[in-house]
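Down below are the structures I want you to see.
Look at the two complexes coming up: chain A is in both, with chain B in one and chain C in the other.
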Partner chain A sequence: MAKSRSTPFHVPNKKIRPAGWQVFLVGFFLFYMLVPIISTYVFSVATRWDRTILPEGYTLEFYQRAFDASYFTITLRNSLILSLATVLVSLLVIVPTVYWVHTRLAGAKPLLDILMILPFGIPTVVLALALVQVYNFSPLARSPFLLIGAVVIYSMPFMYRPVANAIQAIDAHVMTEAGQSLGANVFQVLSKIIIPNILPGILSGSLLVFATVFAEYTLTSLIVGARFKTFPLLLVEFTRINGNVASAFSVISFTIAWLVSILILWVGSKGQVAKTKAIRTG
Partner chain B sequence: MKSSLQRKTGHTVDWLGFAPFLLFCLAFEIVPIIFLLRGSFIEKTTHQFTIQHYLDLQRPLYINSFINSIKLSGLTAIIGMIIGTFIGYAIYHWPSERVREALITLSDVTTNFAGAPLAFAFVVILGMNGVITQFMLQYFNYDLYPKFSIYSFSGLILAYVYFQLPLMVLLILPAFAGIKKEWQESAQSLGADTLQFWWRIGIPVLIPSLIAGLTLLFANAFGAYATAYTLVQAKLSLVTLQIGYMIAGEVRQDQAVGMAMAIGSLFIMGLSIGIYQAATLRTRRWSKS
Partner chain C sequence: MSYLELKNINKSYAGVAAVHDFNLDIEKGSLVSFLGPSGCGKTTTLRMIAGFEQLDSGTIRLDGSDIVPVPPNRRDIGMVFQAYALFPNLTVRENIAFGLQMKKTPKKETEKRVNEVLDMVRLQDTAKRFPHQLSGGQQQRIALARALAVQPRVLLLDEPLSALDAEVRVVLRGEIRRIQSELAITTVYVTHDQEEALSISDKVVVMNKGLIEQIGTPEEIYRAPMSRFVATFIGTANQFLGKTSGKNKVLCNNVELLTGDLNGFEEGQAVVVLVRPENVQVQSDKPQQKNWNIVPGGIETITFHGAVTRLGVNVNGQRVVADITVANTQPVSLNQKIWLMFPPDACQVMAAEE
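Our next item is the complex of A and B:
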């Protein structure tokens, strides 16, 4: 502002300040995006907030009760197991494939692209129905193993994009040939050269998959249900039992999502990996 | 040395490297979907081919589910596309880069805030005793209820637009970069005003991105389950909710009708994702030049 006043030339106002219509639109956007979230945070520490504009008092009681809920630790543990197992399987299945297609099998690229867009075209309920119908025999039927297979499919695009971007950004061909000319085999090239070089992409993908699976409700509730209760299932259960405790659960869930997003940003800025858009919702 | 043709198509050995991934997709996605398709055409007791399950979809409950799902997805896709485009334009021309980046990050995070926590956040602000409901009542003496309810169709629209808006913002931002500054300048120097520029150049360039956004938003809403399940439950029938009830065995319905319903929704989703892909390929035309 001071700069514009000191200069004798006319400086277009929009270069310094956004126009009125921009402020209005962005203000509306912020209002829509933030009010539900902030309200939930406040609600979770409010003693009573249904008669007054501001809460009548503040308390941490609902967090106490959330942590004391009989299933809290078990569901948190189950969610962690599911998310970490999915990240692991996803890495094992997708990273070598992306590398292979990029360096040795360019002909499979269109097929890979189709297989990666496919999960967006299949509603999660339909995937659940299909899997439950086919795998109706033990030990797979309605088991956590079947669930891991389902969520790996469902979260595949989130792993694929950052990894594919990272591989495209490095000279994988030259690196592979250099490694091979020095006598390294495919596994050594992958583990010693390629993976260290695309690590930021792998980390971004892993974090995205982790966050997506940690919040996953549909596949979990329809494939395994109460046998393997995860955190989102507990949350939905409590929306019907106690709203205050449910808001504490929601806050925990929102906070994890924010933290993972910040981590992804941090990883992305370290490795300058192209930003990936996450386009899947539940 | 490999010949160029071999390099392109790959040796049989090279395809073996692709096999584990392909097998995984076949096992947990493609084969089960094929079985689903087959099951939807098979009579359960006689194992004969039948289209009866699809004819059964004409029952009011199922017809209404499809109508409600299409109405909800279509409305929130249109609202999301229009408002999201304007918000995207405002963000694209925002002077401060830090603010721009912060808003893009916010969109990235919030578009994934679907499901139960989001649904519950909307109950907190717009439920019977919600914060905004109370605010309207006390300051404007206006009761949102019973005309509006977060547990109804109108409530679902608000909750769905929440994740549609930021998704549209993310999809449309690259498209604005495709409208070159020089075009606007040359149009101006040829005597075109702002309206003419947008009508003749801006919007035609944006159209593939707008269509891509609309179809992806539609598919995004059509396949959504957790948000609706948390908010409306049995008060409103949607395709995904109905299929969910059938899997959970909460309703005494023929499983085969559920399969027909699932195939019907796959068809609708496949159509919108197909248009999305075609439109996305069109957008590359402008970003390349």
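Our next item is the complex of A and C:
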């Protein structure tokens, strides 16, 4: 949609060299971030790696064992269900709430901002144990539904921030009034004006929530445990059995998170084009 | 019966009256401006007509029917906002077509209508662009076109030119007036810029602190202000406080001013005499005119305004402002002793207590 503009003061022949400390800083950052990931990848295919700097040999045996593990597909499926359900619930709760607060109840904005920090302040263990005690009746007790409710709370700030920023940036209040004066009702305003304009915020929120929930361990373990085993639970189980297989699981987990991210981004960009086309007259 | 009638409208926020007992009739096809300083209630009133604010009490009738219970999207009232409010995800063409699509207008007709309004605002070549690729002035033209595309019963403009450059403002207000008269669309225009209001309106409603100060044609508002607020908010006016003395004199600061007939005032009543700077003439020698107000003074300031030069003259300790045109006066200099003169019919007298 938005075409990038060339900067007016671009000087093609003169390249600015980064200072030494800048190179060091960027190098250090990359080292810090990448070493754990690279070593996990390498460890998942290494035969023996305790006497040498680089592994003594390479094998795909651990991937074989990972894929063969009982529960592999089930935990993967459970994790996907949990993550996607959380993204969905989160979207349904957060987007209309933020929109309403920004357009009708501006005074409640600070309150909402504070509420959205709370999940960071409550230790996950406490949250899990409290929820288990309060909702100890069927069908909620120790069920996946309770788990989804819990991770929605836990991951809410990751959805709230990007969505709230996006709504703030488009001046939702005036957009709404402009839409209404042209005959649109609230749902048409939301679907045709507000959502298309905050789509980047919705997407980045969805990505953050998906990634966070896909790797969630504490709440899952304490609320449902073996009843609804997710991928991180299986991974932790294997760290006690075989580190290499656990690494292979981690790599698989990374890869899935990446793939889903790309998928969400792709669907998002498609959606935006479709929306624009649907309303096009010519 | 008028086309748009506002009756006894009251609106307050947290106990503070924003609009108080507002009554106004607007004729079909006319352009009425709400003019006043910020916080005078003009935008609140406009937003009540649009349906974005609820009334505390009163009625709004459009073409004979009460529109207060009707939600904004069913009022058939178009609005142009100060911040343009174009939809950034849609092209110009799609923005203009939006209202027509909400009305489920057939495609062919939508297309035709969009082209018509684009012609009207003279921006046919921008149809495929996005709002952020247009200048502020262009965006506001598109916003106007978008509001007009659905052929609303009333068009509301909320300080539409405030965010634009002075030059664009003057051009665009002419355009708005041209289009408004071509379509003969009933229009309410909110502004704090008196020049804007005077130049484009059929009628001006001057507001202050939630109250209507005066309703009238631009000429009436300027030539016969009915309150000190109107006289000083619209243009500039010299004010002389004094007491009536006889049937056509006001005694101000030991100087007797000749005025028109003082019917309706009591002898010795505290009044204020208002004189527009352009009605005050400047002479270097004592003028001999009979029955004119003639007072001596010293020039304290000289401000060049282009067509006129504005003099600040000290008369007996009071600052009097006079506008002189270069064509009909001799050169003036600071501290020069001069004579000011103005006829009795240039004096407007109103009661001082308000």
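Everything below uses one rule, namely that the second predicted complex is superposed on the first by the 219 of 282 C-alpha atoms of A that agree within 3 Å, B and C clash if a C-alpha of one lies under 4 Å from a C-alpha of the other, contacts with A are read in each partner's own complex, and residues count from 1 in each chain.
Following the convention adopted for this analysis, contacts are C-beta pairs under 8 Å (C-beta built on N, C-alpha and C of every residue); 3 or more make two chains touch, one makes a residue touch a chain.
What you see is a predicted model, and the numbers here were worked out from it, not measured in a lab.
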- Query: What is the contact status of A:171 with respect to chain B (first) and chain C (second): first, second, both, or neither?
  - Reply: second
- Message: One more residue to check, A:122. First (chain B), second (chain C), both or neither?
- Response: first
- Could you look at A:137 and tell me whether it touches chain B, chain C, both or neither (first, second, both, neither)? neither
- Message: Looking only at contacts as defined up top, I'd like to know whether chain B or chain C touches more of chain A.
- Response: B
- Examine A:184 and indicate which partner it touches, taking first as chain B and second as chain C; both and neither are also allowed. second
- Message: Let me test your reading of the model: by the given contact rule, A:153 touches which partner, first (chain B), second (chain C), both or neither?
- Response: first
- Those residues of chain A which chain B touches in one complex and chain C touches in the other: 275, 279-282
- Touching chain B in the complex: which residues of chain A? 14-18, 21-22, 25-26, 28-30, 32-33, 35-37, 39-40, 43, 49-53, 93-94, 96-97, 100-101, 104-108, 112, 115, 117-135, 149-150, 152-153, 211-212, 215, 217-218, 221-222, 225, 232, 235-236, 239, 243, 246-247, 249-250, 253-254, 257-258, 261, 265, 275, 277-282
- Item | For the chain A and chain C complex, residues of the former touching the latter | 1-2, 170-171, 174-175, 177-185, 188, 192-193, 196-197, 272, 275-276, 279-282
- Item | Touch list for chain B against partner chain A, complex | 7-10, 14-15, 17-18, 20-22, 24-25, 27-29, 31-33, 35-36, 39, 86-87, 89-91, 93-95, 103-125, 129, 131-132, 134-135, 138-139, 161-163, 165-167, 169-171, 216, 219-220, 222-227, 229-230, 239-240, 243-244, 246-248, 255, 258-259, 262, 265-266, 269-270, 273, 277
- Query: How about chain C: which of its residues touch chain A in the complex?
  - Reply: 50-52, 71-74, 76-79, 81, 83, 85-91, 93-94, 97-99, 101-103, 107, 110-111, 114, 130, 132, 146-147, 150, 156
